[in-house]
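Pasting the structures here.
You will see two complexes here that share subunit A, one where it goes with subunit B and one where it goes with subunit C.
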Partner chain A sequence: MRKVIMGNHAASHAVRLARAQVIAAYPITPQTQIVEELSEMCASGQLAAKFLKVESEHSAMASIIAASSTGVRTFTATSSQGLALMHELLHWASGARLPLVMVNVNRALAAGWNIWTEQTDSLAQRDTGWCQLYVEDNQEVLDTVLQAYRVAEQIALPVMVCYDAFILSHTYEPVDIPDQDRVDAFLPVFSPTRLLDPLNPCSFSALVQPEHYMEMRYRIQQSMDEAIGVFRTAGEELHRHFGRRYGNLETVATDDAEVVLVTAASMTGPARLAVRKLRAEGVPIGLLKVRLFRPFPTAEVRAALAGKKKAIIVDRNISFGKGGIFADEIRAAMSNVDERPKIFGYVAGLGGRDITPAFLEAIAREALEKEDPPELEMKL
Partner chain B sequence: MKQQRITFQNVDDLPNVVVSLGTMEWNHTGSWRYLRPRHENKVPACSNACPAGNDIEGFIRLIGENRFAEAWLKLKEENPLTRTCGRVCFHPCEAGCNRAHFDMPVSINALERFAGEHADRNLLAKTARPASGKQVAVIGSGPAGLTAAFYLARLGHGVTVFEAMAEPGGVLRYGIPAHRLPRAVLDDEIADIASMGVTFRCGVRLGSGGDLSYAELVGYDAVFVAIGAHESRRLGLPGEDAKGVMSGLHLLRLVAAGTRPRLGTRVAVIGGGNTACDAARVLLRLGTRVGLYYRRSRAEMPAFKDEIDEAIREGVELHELCAPVAISTNATGAVTAIRLIRMKLGEPDDSGRRQPHPIPGSELEVPVDTVVAAIGELADPGALPPGVEVTGDGSVRVDDLGRASVEAVFSGGDVTPGPRTVVDAIAAGKRAAVAVDLYLAGAEKAEAAKVMRVGLGGGISMSQYLERSLAHERYGDSEHVVTFDELNTAYFESQPRHRLKRLTVESRLSGFAEVNAGLTDREALVEAARCFHCGVCTECDNCYVFCPDVAVRPLGEGKGYEIDYDYCKGCGICVAECPRASMSLAGEEA
Partner chain C sequence: MAMVEIRFHGRGGQGAVIAGKILACALFKEGKWVQSFPMFGVERRGAPVTAFTRFDEEKIFVRSNIYEPDHVVVLDQTLIQAANVTNGLKAGGCVLVNSPQAPHHFSTLDRYAVAVVDASRIALEHRLGSRSAPIVNTAILGGFARATGLVSIDAVVAAIVEEVPVHPEANASAARAAFEATAIAVDCGLVRAVGTT
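Moving on to the complex of A and B:
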């Protein structure tokens, strides 16, 4: 059924269709509507889940960690400061190999107070052992949450689905909400291998000494490496079930391009327009949308950018003292490739500042003209 | 436990998750415990405040479960006059209700009336005990006498109630007007008691100058004297015996019996108690203009606040700080006016109320046709058994179980000292029924009195007396009364108290219809849901949900919980998260 809904409600519907069993969350703008809608679904009986009201995001994460340990499908959602408060437990979730799914609506961090979009909140959590995806529109929000459950349960690691505050969270777009039986066919019933069971009490997450700890970390890294392929397969299955294709990356007109604009999340929309316009003028430019950020699909990025002259990466985030985080990841991914492009990194759109097609076009033109990347990557 | 070294051949051999290979049940973490939690019901503040020791939490819970007739039966265990109390009780329970500190007290009184409207007399008979062969005479059929009769019958004794008036009910019938207690309701209440096998002999006045002397009461093993206080105090003023001066009790008795006395158009009521307010409101309904004259201020009036408020709303003119000095009469000896003097308040007297003093030269005269005096009631000394000790004001002296100074004679209600309210009379009747039962069985009273006690407020429980084991079902041995600060109010949400619906003043004054409306089923359910169930486990599962060690286990509906002390570490989270203080935490014995 196609309905015009906001991105947040697209997430709620996905969680309902995934038949989540325990939901714990603490309200924070711009996420609140996701769990508000879910609480109503629980109250009305549309969703047979236990909805836990908690006193903080830290407790929300602790609650779903505990719930997931008993072998149920869980959900939480947060944003910005809330995600920061969860930090300690994010490591716990991946270390305990729990297939949690969380939506993070990307919002700038304080101070100063800012509720608008920026990806620094989730990118600051990139080393917590969570998979991360950045999505472009409301349909992709719904589809990606379903994909997240499928992959998380297959690789026994948590997945974070990220999208931009207000630009997606509060904006209404037509979204196809699939029927339950179609989702059930795509997403099998969760059958965990190991359960926390009061009738057979075991000790969980106890002290691990140096002779084993590193091996456990190795296993996580191994699963992350596997996850790249698992996400790719799940994306193909999404296409088979619902007719919509999602790769780990998406390329637009890159085959014969000399220059590639690289974006993530909602700015990909305006980037499509900018690239189309430049192409119409005969500029040999293409577009690379990075959807999967963790695990980072290094091989796929290399394949897309090898042999190009320039890669123009626009980051709506910043690692202070370094620069845009996607640019840095791509720079690192291309470092051992002989035919690698010059990397032009631009930090833009922080704290919700608009990234328009005209703005992206201007960046692209600047990068096309200049021989070397600018020293200061921030584009005010 | 034998240590087992775990070795892995390679990385793939490692489990993904850090988890013990076997069960950890051998690890009795309960050995770390210093504090021991347990489920322990305690006394709710409402029951503690109720002179009759009603199981208020219990009947409200039954209403909440849609079990209305059972709620009535639960009330009936401790109070045979639930329909009556649901209307006329001054509800000290609501003053005690912990919810008052949260938003507003639970409307317990309205819920009690609601339960009474779902009475099912067939359920009642099942509660009687087998016959003892003993006979008890109950003198007086007011609330104390009716209560004693009901419980004595339940205890298996033969009971005969002697009533001086034509119909049973005492002050309930001849004192409290029908706009507060409809006669049909009272008749139902008495029919319940008669259905227990109680015999009523009406129109039989005991005592010297009565229809029957106490000596003629043969064949009775005990006597309970509950004749009330039906003699009015005299004003002690010139003109008091004039035509057109009467007592409040006399007026109420006449009207209750269907008489409509000639009163003229202007009536002065003297007094500030419930009789004065009842008389004033009845006079309005008889079509007169009513001035209520009280020598202190409104704040000192002993009448229930609601009665004063409603009297004024209906049109009674309250004149505070006015005391009568004389009644003026005309040549035929009829009242023409009342002379009053203005008062001012001085220092508090023994009762704690400020003492009124006349203001010299402030006398005034108010023309009236009738003066109704309601300044207090006394027992009729002639109606008492010969030889019983009385106090200074002629009340029967009794001990804490209602035993009078004469062998086999018990007494309670308004004829004995203490607060003169319906619920206090009910408590006295219940206490006396127990005392008579113990006397007839020759049993020791101290032990029984301990079993019956509800909290610290003096209320006693008949169910605890009847079934000693029930004591443990209700509040255990606890005398701990739950206070507001012991509750975990995070689990309660604000919800407005039910607003009592009343007739408009206009429709009230056209007759003697009941003023206050009852609750609908829905209103009752909403109001019942406001009860915190202080001190009594409702199986909300918080202890089970919060226990980090899964050491609290539900035993199934109605069976409560068990705590597995092998694993309970004594963290006390269960006790802290109990919304209603029905768990306790104590130091572990060394």
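Moving on to the complex of A and C:
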């Protein structure tokens, strides 16, 4: 059924269709409507899940870690300060190999207090062992949450689905909400290989000595490497079941492009318009949308950018003292490639500042003209 | 038809954001791609609120605020000066105002087509909200259908019945009453173009 819904409710519907069994959440703008809708779905009987109201985001994460350990499908959602408060337990979730799924609605961190979008909150969690995806529109929110459950349970690692505050979370647009039986066909029932079970007592995550700890980390890294292909396959399966295609990356008009604009999340929409306009003028420019950020699809990024003259990366985030985080990842990914493009990194749109097609077009024109990239260009 | 952009000006509690959403749902029923969102921020009762609706024949990729709307809907006439409602409004655009006054009263808006409907009175007649705070967002959409011809009143009514959780029938009747009661000073241009006058 196609309906006009906000991004947050697209997430709620995905969690309902995934038949989550335990949901724990603490409200925070701009995420609250996700769990508000889920609590109503639980109350009305549409969703047979246990809904836990907890006293903090730290407790929300602790609750779903405990629930997931018993072999059930779980969900939580948060933003910004709430995600920061969860930080300690994010490491625990991946270390314990739990297939948690969480939505993070990207919101800037205080101080100063700001409820608008920016991706520094989740990107600051990139080393916690969670997979991360950044999505472009409300349909992709719904589809990616379904993909997240499928991949998380296959690789036994948690997945974070990230989308921009207000620009998606509070914006209404048409979304196809698939029927339950079609989702059931895409997403099989969760059958954990290990779980807390009173009939088969055992303990998890006790003291691990140096002779074993590194092997555990090695296996997480192996699973992350494997996840790149698992996400790709799950994206193809999404297409087979629902007719919508999602790669780890998406390229637009890059084959004959000399210059490639690189974006993630909701600014990809306006970037499509900017690239379309420049193309119409004969500028040999293409677009690369990076959807999967962890694990980082290095080989796919190399294939998309090798041989190009320039890559223009626009980051809605900042690692202070370094620069845009996607730009840095791409710089690293291209470092051993002989035919690599010059990397132009720009930081823009922090704290919800509007990013228009004209603004992205202007950035692209500037990079096209300049011979050498700036170390860091903050576009105020 | 190219993309059409509409900006709503209201006060917190009047339902401007929901008006934008219901309009989007009505246009979606007529086969359009739609996008509707509030001016992102913190809403307070009584404070000025801005909301936006876009529609097009094709998928919409732009995601910024609407700076140069095709049409403007004003749910509270005290906002005409206070919120500078015509800021960026395209020439030939329509300003629809919730007001008991006649269109010619709004002579400061004479660069634009002005349409007026007493949505507050109609809302109260349908017991929507209170005398001090009538809920005018459904009535005003009837006025929008009449003033611009961009959407049919039947689609607006169908969207209201689906989207309004409380008193959907009273809200739908209010929209129909407003459709009949809307006064237009200058045709909004589009009205004749789509032949609904």
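As a working rule, the second predicted complex is superposed on the first by the 378 of 380 C-alpha atoms of A that agree within 3 Å, B and C clash if a C-alpha of one lies under 4 Å from a C-alpha of the other, contacts with A are read in each partner's own complex, and residues count from 1 in each chain.
Note that in this section a contact is a pair of C-beta atoms (placed from the backbone, for glycine too) under 8 Å apart; a residue touches a chain by one contact, two chains touch by 3 or more.
Predicted model, so just to flag it, every value in this text is computed and none were measured.
> Record, for the superposition on subunit A, whether partners subunit B and subunit C clash or fit.
fit
> With the two structures laid over each other on chain A, which partner does A:36 touch: subunit B (first), subunit C (second), both, or neither?
The answer is neither, since A:36 touches no partner chain.
> Mind working out whether A:172 is in touch with subunit B, subunit C, both or neither, as first, second, both or neither?
After superposition on chain A, A:172 lies in contact with subunit C alone.
> In the superposed arrangement, which partner chain does A:200 touch: subunit B (first), subunit C (second), both, or neither?
first
> A:226 in the overlay: touching subunit B, subunit C, both, or neither? Say first, second, both or neither.
After superposition on chain A, A:226 lies in contact with neither partner.
> Answer with first, second, both or neither: which of subunit B and subunit C does A:212 touch in the superposed model?
Touch partner of A:212: subunit B, not subunit C.
> Counting only touches as set out at the top, which of subunit B and subunit C does A:357 meet: first, second, both, neither?
Touch partner of A:357: subunit C, not subunit B.
> Take the Cα centre of subunit A as the vertex and report the angle out to the centres of subunit B and subunit C, nearest 10 degrees.
70
> Between subunit B and subunit C, whom does A:266 touch in the aligned arrangement: first, second, both, or neither?
Touch partner of A:266: subunit C, not subunit B.
> Closest Cα approach between subunit B and subunit C after superposing, in Å?
Superposition on chain A places subunit B and subunit C at a least C-alpha distance of 24 Å.
> So in the complex, which bits of subunit A are touching subunit B?
It is residues 95-97, 156, 194, 198, 200-206, 208, 212, 215-216, 218-219, 222-223 of subunit A that touch subunit B.
> Could you list, by residue number, the parts of subunit C that touch subunit A in their complex?
Counting only subunit C, the residues touching subunit A are 21, 24-25, 28, 33-38, 40-42, 60-65.
> Where on subunit B does subunit A make contact in their complex?
8, 11, 14, 16-20, 22-25, 27, 550
> Mind pulling up the subunit A residues that touch subunit C in the complex?
Interface residues on the subunit A side: 2, 4, 115-116, 165-167, 170-174, 266-267, 269-270, 272-273, 352, 354-357.
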